[in-house]
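Presented sequentially are two complexes of chain A, the first with chain B as partner and the second with chain C.
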Partner chain A sequence: MNKGVNRRTLGTSLLRLGFILIALVVVLFPYLWVLLSSLKSPAQLSRPGDLLFEPILNNWIAVLTAEIPQNFLNSLFVGCATVAISLLVGTPAAYAIGRHRAGGRLTRFGILTSELMPPAVLVVPLFAISFFLHINGSLLAVAASHLTFVLPVVTWFLIGFFEAVPNELEEQALVDGYGRFAAFRKVVLPQVLPGVAAAGIFGFVLSWNDLFYALILAGGQTKTLPVAIAGYNTFRGVELGEMSVAILVAVIPVLVLSFFIQKRLVRGIGGGGLKY
Partner chain B sequence: MLPLLLVLGAIVAYPLGYSLWLSLRDYEILQSTDVSFVGLEQYTQLFSDRDYLAAMRNTFVFVAVAVSLELVIGLALALTLRRQRFVRNLTRSLLLTPMFVTPIAVGLMFRFLLDDQLGVIPQLLDKVGVSIPFFNTQLALFSLALIDVWQWTPFMLLLLLAGLESLPEQPFEAARVDGASAWMTFTRVTLPLLRPIIVVAVLIRSLDALKVFEYVFAITQGGPGTATETIQFHVYRTGFQFYRLSEAAAMAWTLMIVVMAIIVVLFWQFTKGQE
Partner chain C sequence: MAGIELKDVMKRYGSVEAVRRMNLEIPDGSFVVLVGPSGCGKTTTLRMIAGLEEVTEGEIRLGSRDVTNLEPKDRDVAMVFQNYALYPHMSIYDNIAFGLRARKLPKGEIDERVRRAATMLDIEPLLKRKPRALSGGQQQRAAIGRATVREPAAFLFDEPLSNLDAKLRVEMREELLRVHKRLGTTVVYVTHDQEEAMTLSDVMVVMSDGEIMQHGTPAEVYLRPAHEFVGRFIGSPEMNLLDGVVEDGTFRTKDISVSVRMQLDGEVKVGIRPEDVHLRGELPADQASEPIDARVEIVELLGARAIVSLLTGEHKLKALVEARALEELSEGQSAQVAFDLKRLHAFDARTGERIDESGRRFYGSV
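For the complex of A and B:
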């Protein structure tokens, strides 16, 4: 009897392990393949079955001496500008909403709606407006469009973190003679700093990954990385290697960043409303 | 909070109103002198526009297939990972990575992994005598949904795992004492307790999947025919390749109505836990 149970638990353990291993292979295989492809010559790329090949750096050199570094800087600029404004505007708002229930349900609803709104609705007017303001094709237009989703995401993200700060802390600070603003800055803010960092990184990743707005609003000189990558879309065999390099250039930074925020993501997505 | 309202007002509310205004007119950017008010004409025309209707249908099929697969696989993975001890954090971190990868890069990666001449997956399948035309008329939409599954199952996993790990111990103890089987415990205890978080995860994911654009743009450009034309891609084409801005705005607004309905349900779920 006991033996039977043991055999069964061993069986399920193996099954679990197998399932996890399959999932890991499915997740990691595409990364590995792109990495390998970035080191292949065009001739080798046309024979994907060959596992042994002599790695070359031609693709990397070609991509890194072309426009990709400029695209990288464009994306970096847009991401940083968007996140900076979002944190500056969103943090006090999240504090007011999370701690003092400012604005009530309607404000929360508005933030959630802006966060999840399909870009298809906003892109037409944003395009027309930037056309009239003569900023179409500029990084400014792209950054403004990214603000439409990064700002609400960051604010929503932070509400949960402000709600988690115990009330007593702030009250104590007020008793100790701090003003409201000083209490916010010196006592509450340090408590939520990890959340602020996570929200900023999350917002940056969202901005970095956007293709839709950038494709429509950016111009020839102001292409962001996703737009540049989409440009390799011609799919002539020759460009496959270079495309792989460009993909890695775009993906590696966000993957590295993602490891820092995974633990805080759930609370951020819940926006203080998700009890788990 | 005032700055937030001002900024959101300027960049979200104003364009939103502007888009509604556009959708009621007959506006094409190349003829900006002739902007007559046409009322709901743009909207009524949509319902006899075959491409639009195909795009709507494709989008809903895509969302249904992708999100339900993500839920099932995500739940299975979450249940498996909960028990795991060995290299636990590393496994989780690696499994979560796809959701952070630039979607256009995901699209292109799979485009060339699945390509019938240069792709390694068709070659491997060929060796065991299977040949799947991933991007033909019948399968293309389904293949795109599978790519979505690769990228976004981690999101489900993330939320469901957090949900599972915060469940109270007590109901499970009770089930064990009563001698419930594993399956009974899962359907009668785990699932009901997990329901709120499942609802939230499915709704957020559906809203996100409704916006699918990058995979279509990277791989099929809506084809073959209109087999993979999704609504966001159709808006892009109409508005920015043919510059029929009013028509695009009207299409976007029909999508917005669906989205708003889902957001209302989602918001209700979010605030329910607070009272």
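For the complex of A and C:
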């Protein structure tokens, strides 16, 4: 009987291992490919079947001394601005919806309806508005457009965290001698700070990855990374080597940030769940 | 320190009246317990006194001040919640000092008061820790310390002992009484546990369905319940209640017939507490009712006493007897019991109000 159990467990383990390996390969292979491509000359890139090659740094040098660093900073600015405004507005909003049921039951999920809207619908009005405000082509316009999809998500994400804070905690602060705003600041907010950090990172990644709005609303000096990467697809053909470098420059920060918030992501989507 | 007065206070949520027109005077320095089953309005009343719920109608006075429309922070009351509501991100010291800092007291005085409160409640070594590092009993004490340190006009407790195990609960009850004796501050305490109400209160306010059913000392409420509800709710095991008719001085049900010393006639509900149901022969003849035939169904030994569940043909009776009486009783056996006639209660069959010996209906002491 012992042997039978062992065999079954061994089989299951092998099967599991197999699936995990496949998943790993599927996920990691593209990154590996891009990394390798970044070290190849155009000639080697045209022969993808070759397993061995001599790595060169030309692509890296070319890309990092050109515009990519500026694009990186542009993306960074847009991401930070978007997140800052989203948190500033979204945190109190999430509090109102989560704690005081502002807007009723529909609001809690209703604010996500803006996510369903195709960007193509909004981009023309946004372009027109930025033109009339004389900010067209600026990073501010891009950040403003990013708010249309980052702010709702950040707010929605935070609602669960606010709901998890027991009402008694806030009420205790009220009886102890603080007004509602002070009670929010001193007692409620500290409880949701981990959620706020996660929401901020989540929102940043959403903004960082946007191609559509950045493509249409900015350009030239204000190009963001996704746009720059797309730019390597020229009329002469795809400049794969340099594009790969740009891709890595764009992807690595996101990987690092995502690693830090993976736990909190589950909590936020699951609806808070802080323990007391 | 101040007394509290509720004048015609009413709380309505939409069409539901959670608290019906309530008038209550709480004398300065007394320990008043609002007791009743879930949903009776006791917590709503407490929250209205604290300012956490708006009063639909009526007035609340704290001492000489009309606090009805004041924010909680301006009322000078301290509250302790059932789950202690200690701020998890702050140390115990900061938790206790929180209210004092809100009032912008000087640092030195805050420190002195916090340490004094902590010493009084035996939690001085825990001041640097965070709430999650404390046991339930310690958290409870920290919450009480946070309330006492403010030296408020009144303490409001919302079922503070419900989260503790039985033994701790008894310990904390004594602790609360000690604190109350020491500080003399008015206390309004909400609980659903009738034993807590009995042991802690100077004055008990028994509530049901948004109304005060009776309001008096524990002895008054226990010995002379103003309503059938109060008789049943207070006292454990529960009072026995029998529906029957009184004719010519005899109370009759299908299988019970006892003479009663009440000026009554007609349908009535008679109540008798389990400790007033005796085995035949235990009561002096002038106090004992006629014997009632019953069969012992269940015996639950408590230690020095036992709860005996009896069945007459129609009724289930509970008797609370001394353990030694069990020598004569065992499950399944027949027995004869008698009621202590001096301790019979009579309630109106329709309204449930108490009918006293002279036949007068009397409704609590609101």
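Throughout what follows, the second predicted complex is superposed on the first by the 250 of 276 C-alpha atoms of A that agree within 3 Å, B and C clash if a C-alpha of one lies under 4 Å from a C-alpha of the other, contacts with A are read in each partner's own complex, and residues count from 1 in each chain.
To be clear about the criterion, contacts are C-beta pairs under 8 Å (C-beta built on N, C-alpha and C of every residue); 3 or more make two chains touch, one makes a residue touch a chain.
Everything quoted here is computed from the prediction, not taken from an experiment.
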| item | value |
| --- | --- |
| Joint occupancy of chain A by chain B and chain C, clash or fit | fit |
| For chain A as apex, the angle formed with chain B and chain C - C-alpha centres, to the nearest 10 degrees | 100 |
| Which of chain B and chain C A:176 touches, first, second, both or neither | second |
| Partner chain in contact with A:153 - chain B first, chain C second, else both or neither | neither |
| Which of chain B and chain C A:87 touches, first, second, both or neither | neither |
| Chain B versus chain C as contact partner of A:192, first or second or both or neither | neither |
| Between chain B and chain C, more extensive residue contact with chain A | B |
| Touching partner for A:166 - first (chain B), second (chain C), both, neither | second |
| Gap in Å between nearest CA atoms once chain C and chain B share a frame through chain A | 18 |
| Residues of chain A at both interfaces, chain B in one complex, chain C in the other | 276 |
| Contacting residues of chain C [partner chain A, same complex] | 50-52, 71-73, 75, 77-79, 81-83, 85, 87-89, 98-99, 102-103, 132, 146, 150, 156 |
| Chain C contact footprint on chain A (complex, rising order) | 166, 168-169, 171-179, 182, 187, 190-191, 276 |
| Of all residues in chain B, those that touch chain A in their complex | 1, 3-5, 7-8, 11-12, 14-16, 18-19, 22, 29, 76-77, 80-81, 83-84, 91-98, 100-106, 108-113, 115, 117-120, 123, 150, 154, 158-159, 162-163, 166, 196-197, 200, 204, 207-208, 210-211, 213-214, 217-218, 231-232, 235-236, 239-240, 245, 248-249, 251-253, 255-256, 259-260, 263, 266-267, 269-271, 273-274 |
| For the chain A and chain B complex, residues of the former touching the latter | 16, 19-20, 23-24, 26-28, 30, 33-34, 37, 45-46, 48-49, 85, 88-90, 92-93, 96-97, 102-103, 105, 107-114, 116-129, 131, 144-145, 147-148, 151-152, 155, 205, 208-209, 211-212, 215-216, 225-226, 229-230, 232-233, 235, 237, 240, 243, 247, 250-251, 254-255, 257-259, 262, 265-266, 269-276 |
